[in-house]
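Sharing a structure here in structure tokens format.
Labels run A, B, C, D and E following the written order; every chain starts at residue 1.
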Amino acid sequence: QSSDTIKIGILHSLSGTMAISETTLKDAMLMLIDEQNKKGGVLGKKLEAVVVDPASNWPLFAEKARELITQQKVSAVFGCWTSVSRKSVLPVFKELNNILFYPVQYEGEESEKNVFYTGAAPNQQAIPAVDYLMSKDGGDVKRWVLAGTDYVYPRTTNKILEAYLLAKGVAKDDIMINYTPFGHSDWQTIVADIKKFGSAGKKTAVVSTINGDANVPFYKELANAGIKATDIPVVAFSVGEEELAGVDTKNLVGHLAAWNYFQSVKAPANSDFIAKWQAFTKNPKRVTNDPMEAHYIGFNMWVKAVEKAKSFDPEAVIAALPGIEAPNLTGGVSKMLPNHHITKPVMIGEIRADGQFDVVWQTKDLVPGDAWSDFLDGSKDLEADWVGKKCGNFNTKTNSCGG
Amino acid sequence: MTSGVFSAISDRGSGVFIAILVAAALLIPASNLLLPPDSALHVPTHLVSLLGKYLCYAMLAVALDLVWGYCGILSLGHGAFFALGGYAMGMYLMRQIGPRGVYANPILPDFMVFLNWKELPWFWQGFDMFPFALLMVLVVPSLLAFVFGWLAFRSRVTGVYLSIITQAMTYALLLAFFRNDMGFGGNNGLTDFKDILGFNLQADGTRMTLFALTALGLVLCYWISRVLVTSTFGKVLIAIRDAESRTRFIGYRVEHYKLVAFTVSAAMAGLAGALYVPQVGIINPSEFAPGNSIEAVIWVAVGGRGTLIGAALGALIVNFLKTTFTTGALAPYWLFMLGGLFIATTLFLPKGVVGGARAFWEKRKTTKAAAETAPAAE
Amino acid sequence: MLNVENIDLHYGAAQALRDVSITATPSKITCVLGRNGVGKTSLLRAIVGQQGISRGKILWNGEDIAKLPPYRRARQGVAIVPQGREIFPLLTVKENLETGFAGLPRKERYIPDSVFALFPVLEEMLGRRGGDLSGGQQQQLAIGRALVMRPKLLVLDEPTEGIQPSIIKDIGKALSFLRETTDMAILLVEQYFEFARDLADTYAVMDRGQVVLAGTRSEMVETDVRRHLAV
Amino acid sequence: MSVTVPVSASLLYVDGVTVSFDGYKALRGLSLYLAPGEMRAIIGPNGAGKTTMMDVITGKTRPDTGDVLFGGRHDLTQMDEAAIANLGIGRKFQKPTVFESLSVTDNLRLALKGARSPGSALFGARNRITEDDIAAILTRIRLIDHRHRIAGALSHGQKQWLEIGMLLAQDPKLLLVDEPVAGMTDAETEDTAHLLRDISQTHSVVVVEHDMHFIRMLGVTVTCLHEGAVLAEGTIDEVSSNERVIEVYLGR
Amino acid sequence: MTRFLRALLVVGLCLGALPGLAQDAFETGLQRLAQDSFGETTTAISEIATSGAPNAALVIEALADGRLFFTADKQIYVKKPTGEFIDARTGAALAAEPTGGSAVRLNNRVRNVVQGALGNLGILSSDPVKRKEAALAVLRSKDATALPALETAIKQEKDRAILRTLETARAAIFVTKPDASDADRLAAIGALREVGNQDALATLRGLPTSVSAPVAEAAKAAIGGIESRLALWEVVQTAWYGLSLGSVLLLAAIGLAITFGVMGVINMAHGEMVMIGAYTTFVVQEVIRARFPGLFDYSLVFALPLAFLTAGLVGLIIERTVIRFLYGRPLETLLATWGVSLILQQAVRTYFGPTNQAVGAPAFMSGLIEVGGLSITLGRLWIIVFAFLAFLALLGALRYTSFGLQIRAVTQNRRMAANMGIRTNYIDALTFALGSGIAGVAGVALSQIDNVSPNLGQSYIIDSFMVVVFGGVGNLWGTLVSALSLGIANKILEPFAGAVLGKILILVGLILFVQKKPRGLFPQKGRGVEA
């Protein structure tokens, strides 16, 4: 390894079930690194991407993380999509004291010294989306279907949402919760149930935490069953431009998604990014999406932190990162918080016929990511602060740091 | 005919295999701990954990070969026994965290706290004690195998029918363990372990010990399997594989033989899983995925079905290639190489690596012998 | 006319035939005798293509068929009644017979009446699975199946095995009948000495992979033959 | 045939057994009584039900009706194959079935009399069987030179012999032998007849054959089955001169 | 403006009165649209719709389709579907598209209002298709301002189906309208009870709480009546869902019933054949979209044979290069075909990319018909029909052709089959190609309801094996019965056990069932099997 290149690890699945989502992130990282090198690299050194394929296999994630850090000696890693992949690499990053940038919306309830969460915490996606639907513009929704894939992210998100809705005075009877297995493909019964639930005379909406693969058949069934967004809108947290590229969106117009970024947002930084991306992938139709933006922000933050610390040493960069600001693609400036989450705008988009989203609502200010939900018993007293308290789970009641 | 506990491993292949493993168990940790990192002979920690993981897979492969290679039971659900052993160990490690979890709950693991569980479910009791956990590592998989096998073998479910229900078993367990309500941490599984028997899991010393134990565990599993297959028991297994009903007609209780083999095999798979978890740092339901069990079958086939050493070797080869191929420029294409390897193995080494090598030697021997002696036809 | 010339056959490293030559002439029955394991079946396998040979020629009407795949040989009129019957167990008796149609021109795709005349039991059991038949019934089916192919060379490997005496007699008559009425060449492997002796026009005795005695029936000396068949 | 035979006096008591497959009656009220130490030859047309009868006795096929008792008290219709084998009933199949990937020696080793539990096979007596213990049998079936070969590589006739050898090794009280001389030369047939006669000194034997020379050499009571029931029974001369037997079986 | 006044206006509009006032409202409405605020847009729509201006319908239709634009200097213009631009205010054609125009945006709330407005405007149209749509729109929006127009329309309507919709719409309005008279309400409740479907139920449940006791009583009775009727239909509906799921399983498994069930190849690449079929559909649709857009509705008709051929060809190649060396070693086919499956997956991933591809539904396969209380989605209906056709074709081919006989002979005893003159090589290759081709055809159907991604095959392989094995290997009828019974059992369990637990129960049930029938539902019987 020559001393004037610095390695960056890219830990995204290129095969297996998650390749469908993660491959794009690998390409996005390659582009960002490429761009940075064109600008002269960082601290005078060129960056070199090291791509590995953890193949949607969680133990392999841990193995590959270890390989990146110890063998390839990378200075930081950008990677993971599912929470379980993040959980499986966590001990490795802690042990070897390196940095992971995690770009996907997740269930929260975590703040680790070695991880920087550039995707949304539940308060940056789920809660605002529900707020919107309850508003007049959102349709004054009174009855809720919380539909999700049966795993931790949807379960936690729905737990938070349920607590939130109850606190907002929604009756228990007006909430229906439904879980389906990964890759569920026969949605007839559930769509019929939703239709039935929605025929109680109150405006009904579906909050969907359905995971990747199951979405296409879900939307196809919705369209088949003739459920229009004007009847029962569906707001999804895991359906972005990339996922919609696989569906015929004609019949889905008006269904919603909540993200912190949409490709359709008109901002100079965004147009620039889209142009570069399409040039980089040599595909003028290639779409961008929210986790890509998260990597964009995370990568720029890392560059700035390195410059601030004047070192590539992970320990120094970790210390330098909180407080770093980097522009996002929608015209704002995101900031890394002491809890290792960032500030983000929250947007609600409606699906258009061309597979893009129309932003119909967005928060005025950037929302700071909250690691520990205020709506869960176990975590409402917890707080993460890696700057002052040097603790990821400080209990404000007992004034002590957890394990 | 010689037989018995020691003669089972008195052949040359076994000798070499065991010697290599024992040497690895002693020398690799020693080199890691005693030699300076810049020494040419120093084995870096990450390599040791990698090897440790492979050896766990090799144990699983040996367990599978015992039932598939010798008894014709193509289990497409052996990953389930591996995972159950892993979970039993994971539960112990989880309980060891104690109040050091993020929510600082002294009893409840983190995932239970944040899903609002109020108390520890009954099936988590006792896992704070290592001996109990160790017992469960063996008992849970073998109990499942026993009950499952008792039903299936008694009903004379054989061939693909048996394969498919073993697959259904692991698939059902996969779905069940995915459910958060089951109380095993949902799809995130059990993770963030701190220490084992008071030793820090991240410490090199602990890692080396675990590695050495895994290597010796593989020796143990191999030994047990050899004792089984070299005794007449093994001959009966082969007889069952070849002509099950004929075996019955000379008075053997086929279901008992299968049950013994299946249960022992499940216990070995469980042990492999238990050694795997502390080294890998996580256990979650994806270990139950049917694809994993099929992959294990493939290791056995690559190495050579019905050879035990081949099974272990197959696991090492395939996983080593997987590790190598998934890094760097070739990463997006590694499936081509792995797929190609599988096809090439079946076409050119129909008995697997070890089977192929043996056939090669035998052929050389017999052609020589044939050249020297008179016609084989009597 | 079949001329097997100096063939060797190996199973792996073990040699089962060495320098075997034999002929089968149209309208003649050629009988091969020999103890267990001397290579009779191996010889037939070589002729029908189930087993490759390592040396020699197999001439069928002058053409060397040794390299042809089995189905081509079958389509040139070579049919076998194998040892162990090899019935298609899950096909019905009728379907078993119909497998013989594969090499026939469309207009010949029917089951000749002679088959049922010879083995009436087959007609009774047309709808039964072949695998369910009794051993002897299967043997009859195997012969019937070969006849459906309208063979020019009929190769039979111990066809009387497991068959009741009356039908053995019938088979003997049938073979004589075929010899008399058609130009079929018949190659018969048999242990049952009297049956073979009564039928054979020419014979060959094998021992340890080799032909040790051969000749026409008139030349055949029973004691010589029996010596080779003795234990 | 309506001889009443006391159940307890017969080693094998088959009475009124009926078996049908998808409506086809393979056995129609078959009765057969075998005294201890008796050897019985069974003949009958192809499809008469001889093999099916053995299937019933060994537990492979469950009869629709009828009794099958062994030693006067064991109801074979209620037992499975292994249990029946362990009572001391051994069988040679019509189509030779041996363990193809085991050596000739190992085939015999597994068949040899003795405990058959997994425990005994693992650590027990079965592991102490030496080649010498089976050498006698190997010699008797003339496979001594083939003892290390894989059974799958034997010729058809050699497999027949191996199966006979396995039956000898089992040393059962009752031997059921289905067409032992099919595919054997006349000399071997003679030899087999000697062998069976020797065995019948100390064992009960039921032997099915179509080879009338062989049957004659055995010199025992012959039962002729036809369409699932007994057609004739008696000495070989009686039976072979029976008009019906000649008509359906022997031919003219 | 009160609702009453607006209602009056609609009447006026119908009579062609008050043109001056109308033009004013139209103008202000248009101005509002340029504000780019959903609230203003909503108001604007009412104003425009009720203005009676000649361009009103044109503008609102354009808005609904996203073809209405505004510029910074508040010029409003419409892009016609044909591509020309016209000024919204005057209707005059524009020479070129004004610069800096952006579309007037919609959200679901606006869309609802637009729908109502379009209903009100179209209900008296002379085009029956438009009238039908408008009637449905009114039924959805239950907009009371449409009532006068509705009454007029009901008087004029000749088409019975449309009339029914109109009357239902009127009833729906009376039920929800806060100030309707009791008599109107009771009549309306009666009408809705007649209709008796989920929508009617929803409307009835939306009855204001302030109504008089007899009305509330009647509504309660009507709701109860509809509910019990629907409960009955639900059984049928569940059976239908089961049948539909079963037919998907059947389609997925049927090719495997050949390659595995008949040939004995443990074909782990079967799923990838399905995937190839789905990608063929995608490619066909891409070509059609690009070259012959008019043929889109026939895309599946082209895709079917092509998918059969493509997957069949791939199958043929696999058989000739790999499988043929493995006959008689069935377990090794598992290893080799697993390798093939990895390669095919990654090849598709490399060539088409890892993400889902969009496959559209032709018009005849989209939508829903209601039969009594049963809703049948057309896409599913076609898949069921298709699955059965494929099944019957295959059954016929195997049972009644000499090809079928030869396939079975070859798989039962390859060596002997060759000695019977059967070209075993040829039969093997064709059989495998046939099984693969059928899998490809299944892919065409599955592309309509599932992801078209490199993972498609993997998601069906386990289910396919279960179906084939559960039915009894080698028995096509078994495959049929097993697919349908698994589908129906799944759908019976799903409502109360949930999808996850339901699936677990099915698996456990399957394991237990196999104890009773160790060779599947339709075991192969006889002596030949045990030997």
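Following the convention adopted for this analysis, contacts are C-beta pairs under 8 Å (C-beta built on N, C-alpha and C of every residue); 3 or more make two chains touch, one makes a residue touch a chain.
None of the values given here were measured: they were computed from a predicted structure.
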Labels of chains that are neighbours to subunit D and to subunit E: B, C
Farthest chain (mean CA position) relative to subunit D: A
Chain ID, smallest distance between chain and overall C-alpha centroids: B
Selected interface, B-E versus B-D, where C-beta contact pairs are more numerous: B-E
Approximate Å spacing (C-alpha centroids) for the pair subunit A, subunit E: 29
Inter-centroid spacing, subunit D versus subunit A (mean Cα positions, whole Å): 74
Averaged-CA centre spacing for the pair subunit B and subunit A, given as whole angstrom: 36
Approximate Å spacing (C-alpha centroids) for the pair subunit B, subunit C: 52
Subunit B: positions in contact with at least two other chains: 175, 178-179, 245, 332, 335, 378
Contacts with 2+ other chains: residues of subunit E: 345-346, 458, 500, 503, 525-526, 531
Residue numbers of subunit C (touch at least two other chains): 14, 37, 132
Contacting residues of subunit C [partner subunit B, same complex]: 12-18, 37-39, 208-209
For the subunit B and subunit D complex, residues of the former touching the latter: 1, 3-4, 227-228, 231-233, 235-236, 238-239, 241-243, 245-254, 256-257, 260, 378
Complex contact set, residues of subunit C against subunit D: 11, 14, 35-37, 41, 83-84, 121, 128, 132-137, 139-140, 158, 161-170, 191-193, 226, 229-231
Residues of subunit A that touch subunit E when the two form their complex: 14-17, 19-20, 23-24, 136-139, 150, 178-181, 183-186, 188-190, 192-193, 195-196, 198-201, 213, 216-217, 220-221, 223-226, 229-231, 233, 242-243, 245-248, 250-251, 254, 350, 352-353, 355, 358, 360
Subunit B to subunit E touching residues, read off their complex: 74, 148, 151-152, 155-158, 160-161, 164-165, 167-169, 171-172, 175-176, 178-179, 245, 290-291, 294, 297-298, 301-302, 305, 332-333, 335-336, 338-343, 345-347, 350
